[in-house]
Every structure is written in structure tokens, then in C-alpha cells.
């Protein structure tokens, strides 16, 4: 499919003004910043120590002492969510990094070279696309046993063709433009043109896709940890907390409600951020508002 | 037309072959001797060697791959180490749960999403649109297995309307079986529906800005007729793409959701197999799901050609 | 009694005023020309009549069509009018048709909707209509899809849709702007015939005074949303009472002042001995589309055994219809594309089949100006970097200070200031951007500039200025031009020699004035006959009126 998009023609300052008057962007930005802040704070301080098991305090309902209640080992759910945020963000961020780091150069290369190279990259994409993150994680776990690294690798691999496709489609829309021809007439090679003209013009597309994949990564990490293919206990993770909550739904629903809400809020924040960026940078979508 | 079809078919086959090589390679890397695993620790080296020969494990790599791939074609996946029955029997038993669940979820998500997308476009920028898209934005952010837990809490634990989990089997009658699939299907479908509704809406809005929509309006067709006759079909292409992707997500989702509802589907099978290190089962199920994803992508590619005449005349 | 009467029409979109007190009337069977430069509000006026305005538009005043108050009519009333009593033809034929529906469906749809005719009847009428607009059943069955048709053919389908129910008023918004001159003439003829056959009123919107003069009895000139002058076409344009009318008319006929140095050049044996550019039997094939799996694809020949040369300082036009291969040829001259066979020499050196490194010296002396003033700059870079881009080919990289100085000089030469260096391209107007484009082309002091339709996207008054600039630089810097254009007035204004290209071949070459006044080849004759010419059109109108 061909991708059409307009390159925004604005200064950084204009964009900044627009960003902070865009509701989606602002909400998403605040939520994401908050989650990130919580994750960072968790390195230095949590209300309770999440590694200490206090069986006497087990499955307590939310109270002024334990805002979100405690789990079946008496650990403070709020503190666990804080530490879990760190874990989720790290996994999703590295996975996006892998996807971008490998996918974008591949996609840009395919668009610049065309022909056999393009075909090879696209077929490789098809192959990786046939293995949803969960299937990769299952296979990796089958070989190496469970662990947090599996989740990162599986989600990261799945991100590669996503970014390769976006980068390729974006670059293909840039290459036929006259300013590229002008650069070629100025004697610039394909590599230089890709760096100087193509990549800067698709950064926004990649940024939007990045936030989407970040959000999907958080969902995927939670899913993998939930079925035991991701982060392993005792390291708190949102997915694992939900697994522990499952059998105790009847007596301790807060064990399920709060970690789930943490996921929802984080993913919502990232999606709003992505929508906001797309809104701000795409003149077409703005016209529709 | 035929050129396009043949190319897509060829690509799907190549992808399938490559994917089978990847899966086979993974089987090869895995530490441990399947023959030893099957016979147990007390077997003698001779017994193991005999079984290895019987299983063809001593043949060259290429020969073993061809043997394995040939087996797949005739639905012979090998024998489970732990159950000691052909893997295909296990799969056959479980797929009657997983496949209906995925299909019901897909149908449900489509039935919900497309009308919501249309509704939203019709009230573009007004309260109805804002509410629908706000809900969709929220829906996209909800992990399906957490949503499943909440549904169980609400309908099974609290209201006691449906069983909290388990599957009576199709032999217990279609209705009880379906009833136990209702909550899992909803849990799977709603987050997917949210994505699909958003895609439907944005695809329609994009199409409605096209010049040919203005041409249709200039003919005197009212807005609604233009939406149905001209916009919808053009907006189908991105929608189909997402539907294809969603099937892959739904398959993966099914595996996870089965664990929430204790459904005896492929997902349960896979996770049991992982804990028991019954690798041949793991690989077979993975291969099967990969083949399903490739097949659905092929189907999506073919449906593009039905929707868009430009593809039919291109190579 | 007027068919369409617009009185005191004012319109705003959001807070931006678009139209102010526009007055316009079209009588039955009359052709009214609505002329204006971009941003004058002419398209919005048309959309107001159709009531197909953007959401945020607010209109006041009176628009009466056939006794119906358009601005007050209900949406149902408007649906009944659109396509039945008022038809509309749009500018861009490539996107005006639904790609997933057959042309038969699209023409029959309006007929069925308005007349409640059966499918068979509607298709029958659609068939007749397509025959009428020049799309016969043998080649263009109803089952054709838009992508199987060329731009001109698609525009015929759009006209068939608009005229299917013989509307009382036809609105044509720049119906030929996207087509080449020969197609333009054919489409205008078709419109003229349809209008007189059915006594339709025609509101013809165009930026091209010559086109409007040929077609319209009366003319309304719009500028910044206000009517400047209106009246009988021939009288308005010959008397040129209003200053803006005069400005428009003169810009349309503008010929830059230039000494014809290169008439001399031809007599100069020194220059003749050493041509700047030599193109020797160049052919370019593109892989064709395979008809079936068994047959081999037949390649399409875009450029077919072309040879020519350009002397230093000479200005040569390459003229031809769209798709004749002129842009492909230009790309090969610029070494952006390689020929299938043949060689191209620049300053005596072969530039075909050379690596980018080997081409560096040639690139220094050869630059390019593109058509689209918006698409030819990377929106992410500042002017300084953009204009300096060709400095990449210099052997010795200039320092930052040197670079700024060179950019400033180039900007000065095209009439821009040194401060413009730190701006982004979007801060400039279309005409200024084309100046930037020229600054970029001359910064390395090239010997040859290839210009691909450099003024066709510009408004007439801006176009005149840019042509002047080209002429001035030709004199001052002695740079040779290869001007690619479909517009004969541009060729006449700025070039010494003209080459006519048709179906991949150069079919005629000679002095510009000689070729354009006395074309020899069929292709040249067709181009000259089809080209709208304001002088001629006014003269003919005056003659008709006696």
C-alpha cells in the first residue's frame, strides 16, 4: 500500500505552541511523564519494601496505610505497581529500541535500493510477521527457559518488521519528491540523501509508531508475564500480579483491579501522546478537527 | 488478476517454508535428547540409540528436515513425549475450542466495530463521535486478560450468570458449550473492536476527503448514499489490513485467555507442554499457528484484489 | 432573466474572509468566464453555487438559481438540483473518479438517482452520453475502471457525469489546467459543443485569460475575493480600463526583453565547433507490462533515438505533449537516469554510465530547476542549507563563512536578501520559492540549467517576473538553458531555439519564432493550433462582434 502524508512545514517553536494547546498531546504527555516519574522514584523510595513478605498483612483491603491493599504475601500493592512500572517501561523501551534500531535502517535501505534488496527485506518482514510476539516468546522460552529477557527479545523481534514497514512506506513517499531529485542533481549519493533528507522527513511517522509500539509493548509484556513467559517472581510485574490475583478474585479483587488500571492508564497515556503527535504534525488530520 | 494472485500465493508459500525452517532449527537447538526423554533416565545407551535410529534422529540435517516437513504436510506432527500419543490427536482435541473462540471473537469485534466507526463518522466532531472514540481510546488500552478477569468478577463471581471458567465440551450440547465461550469471546473481542472502530473511522474520514466524493456529491447523492456507495468500499482496504493483523493477535490472545477461563484449548496445551518440556507439542502448535497467520494474510491479500480493481490489473 | 444570479455574496471560513460582495450572473445558454489568480476565491464561488462548501464556511448575500434561493434551500432541495439542473466538472481528472467503480456505474448512478430509471435504461443513457463525449463503446465499454483511462479520457467521463441529465447550468472549475494544450483544446471544444447543443449556461473558471477569452462571451475578474471588473470579454480585455485587468492581460502576453546573443553564436565558428551538450542517438526503454504469463513483456520506448546539441549560452526549448518523453530526456541529460543506448556528452565528456564520483565535475556545470515551487525544497532545512546543496560537488569544500557569502550572492542575483538565508522554505510565496530554486541552480556558476516546466505552477503576474529573471541570468551569466515546457508562450518568451518532441522523437527543430509561426511537422502544427493565445483570441472575438 502506498502511504500519503504531508510534510509539516513549521518551525520547532510553532510546533511547541501547538503541542501544548493540543488536548490529546497534553493529557498523554502528563500521564506518561507521571508514569515515568513513578518508575524513577521507585528506584529510591517505595512506601513499603516489596521484597519483604509479611504474611500477617496478607490480602488486606485498601486502607490509608496500604492505598491499594496488600497481596497474598502481605506486600503493598501500590509499592509493587511502582516497581512494576519500572519493569514494564524498561521492557517496552528496549523492545522499541530493538525494533527501531534494526527495522528503520532495513526499511530505509529497502526504499533506497529497491529491486532485489527491497524484495528480500519485505520477504524477511513477512517471515517475522508470521510469528506474533507470543509465539516467539513461547519458542524462546521452550529453548532457554522463562525469563524477563525472553519478553524483551520476543517483543523486540516483532517490532522489527513494524518499523521496517513504516520506514519503508514513509521513505517511498519521500523519494519521488523533487527535492530529492535536486539533491541527486547536486551529486549526493543515496546514503547521504537518506540521512540528510529522507530520515528527517519521516521522523514524525516513526515517533508516532514508536509510541504505539511502546504501548503495545507494555500490553505484550503484561500478557507474557501473566502466562509466565516474561518477568519472573519475585520481581514485581503488572502481568504477574494479575496472575496471582486470578485465583483470589472473590476475596481480594483489589489485587486484580489496581495493577490492571496501572496498565490501562499507562497505555492510554502513550496512545494519547501518539495521537497528539500525529495531530500536531499532520496538517491533514488537523484540518478535520 | 491471475498474476497478482499467483504472486501472493508464491509469497505465502515461501514464507511458510521459511517459517518451518525457523521452527525446525529451533527444535534442533533445544538441548536434550528426545529419545532419552521418551525412554527415561533408566534406559540403556543401546536402547536410546535404537530409538534414535527409529525416530530418524541420526539422519543428516536436510533429510530430517524433509522428513519432518513431509510429516507436517500429511498432518503427522510426531508423537508427544509425555502423552505418548500422536500430536495431531492432541491438537484435534483442543482446536475445537480455540478456533471457534477466535472466530466468534473476530466476528463479534467486526460486528461491533464497523457500525461504531460509521456512527462516529456520521456524527463527526459532535458529542456522539467524541464519546464513541473516547470509549475506543480506552478500549485499546485495556489488556484483554485483565478485562477477562473483570468480566469474571462481574458476571461469574458477583452476578453468577455464567460459569467462571471451564468447558463442558461440545458433547454436552452446543448451548452450554457456547455459553462457556461467551465471556472469553467478549474479553477478546472488545479491545480488538476498539482498534478496528478507530481504524474504520479514520479510513472513512480520509476517504471522505477525496475528490471523487465531491464528484459523487455533485451528482446529487445525499451524504448518506455517498458514505455507503462510495466511501465504505474504498475504506475497506485499511480495515482489511487491520482485520488480518487482528487475527494474529486474536490467536495469541486466545492462548492467553484460555488460561484465564481454564478452557482446554491449544493455549492450555502449549503451556502444559512447556512446563513438561514436551517440545514436539510446543513446536507443532507454534507451526500450526504460524501457518494460520500466513493463511489469513494471504486471504487478506486476495480480498484486496476483490475490493480494488487496480490490483487486479497490476502484477 | 438570469439563470444564475449572485448578489452581494460574502463568505468567511472561520475568521478568514474569502469573498466580499461578489456579483455575478449567468444567462441561459451563456458562457461566463470567471478569472482570477490563486486565492482569488473563484473555486469557492463555484462550490457556493453547489452548496458543497467546507464545514466552517459562512455565506451571506443572495444566490438564486432558476428562481431557487440556494443559500436558503434545504439539503434535499440541493440534492435534487445537483447533478440534475447543475452539473460540475473539476480540475483534477486523475482523482475525480472513484477508483473502485466502473465508469458505467459512475455515469449511470446520477441518472438512476434523479430519474428513478431502471438499471438497464440508465446504463443505456450512460452509454449514449459516453459516446457523445468521445468515448466509443468499442474501446470504452461501461465496464472500464478509471485507472485504465488516461487523464484526458477521465476528464471526458467527468464531463459525461456532469452533463448526463442535460443540466441548465454547467460549472467547470479549471477543467483543463491538468491537461496538455492539445487535450485542453479538445476538452474545450467538447464543452463548447455540449453547451450550445443543450442551451446550457456555462460558468467557466480559469486562471488563463486566453482560455476564457476563447470560450466566454462575458467575463468576471476576481481578485482577493472581490470582483475587479465584469463585462463583455472582448471589450473588457481590449480596453483594459481597470488597472488589474491591464496587469493580468499584460502579464499573460509578457515577453522578457533580451538581446538575441545566440543568433550571433551560430555564426561564430568558435562556439559552433564546441557544443556544450551533445545528445547522440539516445534511447530509453522502460520495462513494459506483461499481458499474460506466457508472453514476454514488450518494453515501452519513452525516448527514441534522439540526437541534438546545445551551444554555450544558448536557450533551447523542448516542447511536447504530456507523455512524449521530454521529462525522461531531461533526466538523462542531468545524468539522473541512464539511456538504454546512445551517449550524452557534456563539455565534450561522456556522462553516460559514469559513477557519481566521476560525474562530479559535470554536475558542477549543470543544474536543474523544477516545476513545483513547493515540492522542490526539503521543508526541514533552512534556505542557507538548501541553496548551498550543489556546493557538495565542489572539490574544495567552502568554509561556513564562504558558504554564507556564496549563498548571499546567489540570493542577491535572484532578487532576494541575505536575511532570507535563515528562513524555512514555507515562509516564502510560490514565486519567491521559484527564485530560491533558481538561486540554488546558479550557485555553482553552471554552464547549463535544465528547467522542467519552471513557471507552469505560477500565477501569470509571478510567471512574468520569473521569466524576466531567467532572461536576465541568461544574459548576465551566459548560462545555457534547456527549457522543458508544454506552453508555447513560455517557449516564445525565453528561448532562441525550439525542439518539438512527439512520441519519444524530436520531430522538428528550428528558431523559436520560425517554428511557432510556421510549424512543419504534424505534431508542431497540432501544438501551435491548440495553444491558447490571448492576442489572437481577442482579435477573433472583436472580429466576430464586428
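In this document, chain identifiers A, B and C correspond to the written order of the chains, with residue numbering beginning at 1 in each.
FYI, a contact is a pair of C-beta atoms (placed from the backbone, for glycine too) under 8 Å apart; a residue touches a chain by one contact, two chains touch by 3 or more.
Heads up on the chains, UniProt names are A, B = Peptide/nickel transport system permease protein; C = Peptide/nickel transport system ATP-binding protein.
Here the structure is a predicted model, which means the values were calculated and not measured.
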**OP:** Skim through the chains and flag the pair connected by the most C-beta pairs in contact.
**Re:** A-B
**OP:** Look at all chain centres (mean of CA atoms) and spot the one farthest from the centre of chain A.
**Re:** C
Subject >> Distance between the centres, which are taken as Cα means, of chain C and chain B, whole angstrom >> reply: 51
Subject >> For chain A paired with chain B, centre-to-centre distance based on mean C-alpha positions, whole Å >> reply: 22
Subject >> Centre distance in Å when chain A and chain C are each reduced to the mean of their C-alpha atoms >> reply: 46
**OP:** Could you list the positions in chain B whose residues touch two or more of the other chains?
**Re:** none
**OP:** Can you check the complex and tell me which residues of chain A touch chain C?
**Re:** 7-11, 177-179, 181-189, 196-197, 200-201
Original post:
For chain B, which residues are in contact with chain C within the complex?
Top reply: 2-3, 6, 210-212, 214-223, 225, 229-230, 233-234, 307-310, 313, 315
Original post:
Which of the residues in chain B come into contact with chain A in the complex?
Top reply: 11, 14-16, 18-19, 22-23, 26, 29-31, 124-125, 137-138, 140-143, 145-146, 149-150, 152-153, 157, 205, 209, 237-238, 241, 248-249, 251-252, 255-256, 259-260, 270-271, 274, 277, 279, 282-283, 286, 289-290, 293-294, 297
**OP:** Report the residues of chain C in contact with chain B in the complex, numbered from low to high.
**Re:** 50, 52, 75-76, 79-84, 87-88, 90, 92, 95-101, 106, 109-110, 113-114, 145, 147-148, 158, 161-162, 289-290, 293
Subject >> Residue ranges of chain C in contact with chain A within the complex >> reply: 334, 336, 356, 359-360, 363, 366-368, 370-372, 375-381, 386, 389-390, 392-393, 424-426, 440
